[in-house]
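Both complexes shown next keep chain A, but they swap its partner, so chain B is in the first and chain C is in the second.
And then the complex of A and B:
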């Protein structure tokens, strides 16, 4: 096979990255790492099952990333590293990705992990995973030999590398799962045979998950921990108490800012906001753009100007959340400052309202705001604040609560709302978690976290679709920047803040999971000082 | 007698059927459905995935068809598969029944023994300090919300003075033999049982005190005392036994309502019982599990009522005679 210049460059780049990653991170941790010990992880997220090939969400992702290997992994930036695949290369036209698997890798039942298993697993994800955009451009998965996987795409799909990491595309044993049952409800999803650093030995729904080190793991000497126990608590308060009493050693995905502030004062615990660049969690105010008043962009802008993000982040969130101004989180490679901003300015807000015929001397404006239930600080508190803030510019807002998630979800997805607070994750690449909110083609009634704002701007679609297939990172960034500028100008959504997820861990925990995926990535390098 | 038992059983069967139908229909009135929960946990799902979920669980069928299918399966002892946990509902419930029974039985036992003793103590001298103390303690125990009591105990004995674990039924990190496991469960049981028990204790002590005072004023007690029966016997044998009747009735009713009683305590302490399962299933719109729990709850109420009736007859032979 002859390598074209562009192909060679990519190949060399990937190879260099692979070698650097291999030579640095493991070596550093291997110098000091102690083997053994049980890491108890406090969690409030309760998974339905443990197979992340057919289930998204952090509840499943955290254990699944330990149970299943993926082809690639990520460190603290968005540079892919080898994992089950030791190298990878794109074809010259970027439509074919070829990955070489490690020799000798085995599933937890001892059988070898082959390219056949990998392509079967990727097929399962393509057919069943809720994020259908992840592998939508793939035309074929091929396994020319047991160690080689070829992914053929109908168009360049730069998000593919990220898709092959974390728990988004777990490698499943075909001989176990391909049993004729519907994989989404296969009982084997509860105690799956995996391919990652830890094997699952117990899963009591709503109680705990016990993971044990897999001695046959393909990365020699890893993992360091004997066991990881994920204990599920009913609420964050209980989890924090468990951390304080020493019952648990780590609490990831904690967003209660008062609790975080309290834990910061503890001398025995470390608090970090690293490990969440991948999911990019945003807290925002969404508008129903078909509402008679909110269909007027001036009204939406007036509302935005009346909301003081600083008050939300500093007062409501104890200074722990960051203001958000665009469709991606600040840690994203596509973050840009060049967007339409809506600084807190009541005079501008009133002027815009007057221009639209509302406010003093105009028509009275009454709106309703919904919020996602059971998310107190990020959703309910901000909704209550929005009510008070908009009263200052003459908009009467009623806060409508929902007793549970399905009620809120049904209201929003059936467009039975004026404005709603919402919490949405980027999932690393706009193709996975951002496009869905803005594309005209994704206005799908009944589907939560689709384009429920019913916003449509063909120019935005064009830019986002072009960015999705652009292999050159700089050009992609430029295209997304243009799209984000247009979106923020049209303001179907007013971005409020980034969800202040933090991981808190005891001083015994070394090499904490602070990659872009945090605890949703493998914890094979975490160890306990004994 | 046989006809009476038969009639009671028929009533029970009709009640269970009515509960099944009513709950099935009631739960459908709420907006949204389990597919929304599953999609929510997935971080959103496409229309195709949502349709597949609805088809998989039969949610795409007409309501009456769903009801008919459910009742047909329930009659055969199959309460369906949990939408959320992807396991048979019967297995889920049976795995959670033990922990709830353990918690409630311990709490009730503690409350019955201590509460009735305290009530007796208070009734000896209704104007004394002991009586006043019991009354105040009962009032506090009765009026304090159970979740608040639980949280205070968690903070005090789980965090400030970490004597007891604050969540779960076992320490999954520790490994050991049967005895160590039993001790571990007992260790975990202290705070939740105490929390739940304190509420019952308050009720039983007040009830016993009031009941004892009433009985102690009865003619037969005066007669016993006039005959020279010792005060210990008057209290323990003549008065207490009769004063216990209302306590047993209340305890029976409470045992029947174990799930409602345990939901808050189990939630605060992450106790792996039916209460926690009910709470999580309701939030997840896990219809088969919610219906299954209600079915079991109904069964327990019926059984508890029958048992209460039986114990009351044992305590008061007049009832056994049908008079």
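And then the complex of A and C:
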């Protein structure tokens, strides 16, 4: 087994010492990974199917990252590491990416993983995945030999490395899936033949997904676990009870802060907020910028000044969520402090309203606020807080509840709203999860999580598009910083907080998934202390 | 039910006065009435005595009762005053209760009266419709109605009314079937009174006592129903009601008992009051309880 330097470094960092790597790192053998055991993962997310090439969202991503390998993977920072590809390099002009595949890798049916499979899979993602910006700049995927993949792009596309990781671009077996059926509705998506550390043996919607160790996995000695069972619970409360009773050993993506606080106090569980830098989950208040009153930027700013982020994060979220001030999460490499922040200030708020002709002495202002249903603390509680907070500056807010998610998303995507609470994920790179909210070109009626605010500023589009094709990280950061400053000044969205996702796990769990993708990355290094 | 003490009632008094005599001698009925008066007094006079906006954030969230002098009953998860919520919420909850009971009576009496009076094919048709509504699980049906439209107070009252009328209809029908064969009804017919006249001016007044009792109990049931819908998150988020307080506070039950318990206790007391009054009325209108 040959290890690229970056890969062996990862071994050391993670403290998980594979048997073959022992010789190179004897000092770290304090805890040797034990093999075997079943990890029960509690989940409240209900996947439609398990093929993440054609389905976004965390529900599918968690199992899919175990079932399918990707070309690259990430550790605790935004530095790409080898996975199915053992090395890669960009051409001089950054428009051609050449990847070398690992020798001897096989699918779960035993057939070899070739460059042909890889380029077919990437093509499927390009044609079908809802995040069309991921591979949009790609002109051609080529497989000059069975171990080499060449990606040719119209323009430099630095986000490509993140795109090739997590469960965004799973490597599918072409000989299984290329059967003439529409891949989106292919029944094979329920029990797919995969390429990752675990093969799926059972998928009972609403019950569980059972993943078993794939003995022929291309990383020798991995995975450590024999089995991962993703058990589905009706709500977070029952998942937490399962964790407390020992029925489950891990509960990722938990956002109920009172539950988290309760679990923190119990002695035999560990709580971490690591593992969510990649997904970058933001909780915000979006404005319909075509609304007669909200089209006035002063009104939007007045509303922002009347909302106390500290109250939300400290009082409503038990101090567990972080305030958010810009389009990316704090863990992102593009995080900047130099944006318009809108600190809590009722006097400024009233003055802005008066300037716009509303509030005391002006026209009365009545607004409606929507929120995503079934997300109590993050959405409903904040919406109710906004109602109370805006009453203090003389804005009468009506809270409109939606019975279910489709109703809410239909209202928002057809612009039938004044203001709405919303949750949107960064998905690693702004090109994937951030641009979509602000680009003029992405005002697409009927599509949720597009630019439903109908905000359009050509300057922002120019900056974001330039940042998307800038290979130099420092220059990219600068361009995004400028874009974020402009966006926060125009305030189509008032950023409130980051969703306080936490992973809770029992003490038996070693090497918990704390990479930027958390449980949405491969869990081949997780092991259980017996 | 404790049997009221019997004393001689002057024969000259009307049936209503007689009923009141029996009612006021029942301690449980009077307790129920006292509870209702208390609750109503609180919800109607309260807003003038305790002027706090129930939606305003007044203090740190989840402050326990008694910790702050200005907020005697503590705050909810958003820092809103629980006492203000109880006072304002009572009005909405009682309004839903009474409105739903009124809708129930309106539909139930109308259908029951025609079915009971005419019998035959009219009865068959109306009873099939009634049975159709009766076999639907009421809570689920109400949830569907509220979900299809917006969860506003009016819709919640409508939904409760729509799912609870069948019982009233059946009760009315059986009363009408009984009374329409009585001699004074035949007498009315003999002197040429029209159907409408007989239904609304002769039979209905005589069928009223059990219907009043049923209406009273329906109020209690409607209040519970509203609380149940709210618990499932199906209440008007813009009108403070006890159900809304319970619905938004249930997440915090383990950390802050008062957020759910206090409005729960108010619902309990109100429904208890309504039920006791209903039982008292049942006895008061029961001819067997009278001395003849």
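The definition used in the following text is that the second predicted complex is superposed on the first by the 499 of 530 C-alpha atoms of A that agree within 3 Å, B and C clash if a C-alpha of one lies under 4 Å from a C-alpha of the other, contacts with A are read in each partner's own complex, and residues count from 1 in each chain.
The rule is short, and it goes like this: contacts are C-beta pairs under 8 Å (C-beta built on N, C-alpha and C of every residue); 3 or more make two chains touch, one makes a residue touch a chain.
Given the structure is predicted, the values throughout are model-derived calculations rather than measurements.
Partners chain B and chain C fit side by side in the overlay (superposition on chain A).
Ranked by how many residues of chain A each touches, chain B and chain C are led by B.
When the two complexes are overlaid on their common chain A, residue A:315 makes contact with chain C while staying clear of chain B.
Looking at the shared chain after the overlay, A:287 reaches neither chain B nor chain C. In the overlay built on the shared chain, the residue A:258 is in contact with chain C alone; chain B does not reach it. Contact with chain C, but none with chain B, is seen for A:401 once the two complexes are overlaid on the shared chain. When both complexes are overlaid on chain A, the residue A:205 reaches chain B alone and has no touch with chain C. Contacts of A:385 after superposition on the shared chain: chain C is touched, whereas chain B is not. Contact with chain C, but none with chain B, is seen for A:376 once the two complexes are overlaid on the shared chain. After superposing the two complexes on chain A, the shortest C-alpha to C-alpha distance between chain B and chain C comes to 6 Å. Chain A residues in contact with chain B (one complex) as well as with chain C (other complex) are 403-404. Within the complex formed with chain A, the chain B residues making contact are 30-34, 36-50, 52-53, 56, 81, 84-87, 92, 151, 154-155, 158-159, 162, 165-168, 172-173, 267-268, 270, 272, 276-277, 280, 282-283, 285. Of all residues in chain A, those touching chain C in their complex are 256, 258, 262, 311, 315-316, 373, 376-377, 380-381, 384-385, 387-389, 391-392, 398-401, 403-404. Interface residues of chain C facing chain A in the complex, by the touch rule stated above, are 53, 55-57, 60-61, 77-80, 146-147, 150-151, 233-234, 237-238, 248, 251-252, 254-255. Contacts from chain A toward chain B in the complex involve residues 38, 40, 46-49, 55-57, 59-60, 128, 130-132, 182, 184-185, 187, 189-190, 202, 204-208, 210, 227, 229, 231-234, 237-238, 241-242, 244-247, 374, 403-411, 413, 425, 427, 433, 436, 444, 446-450.
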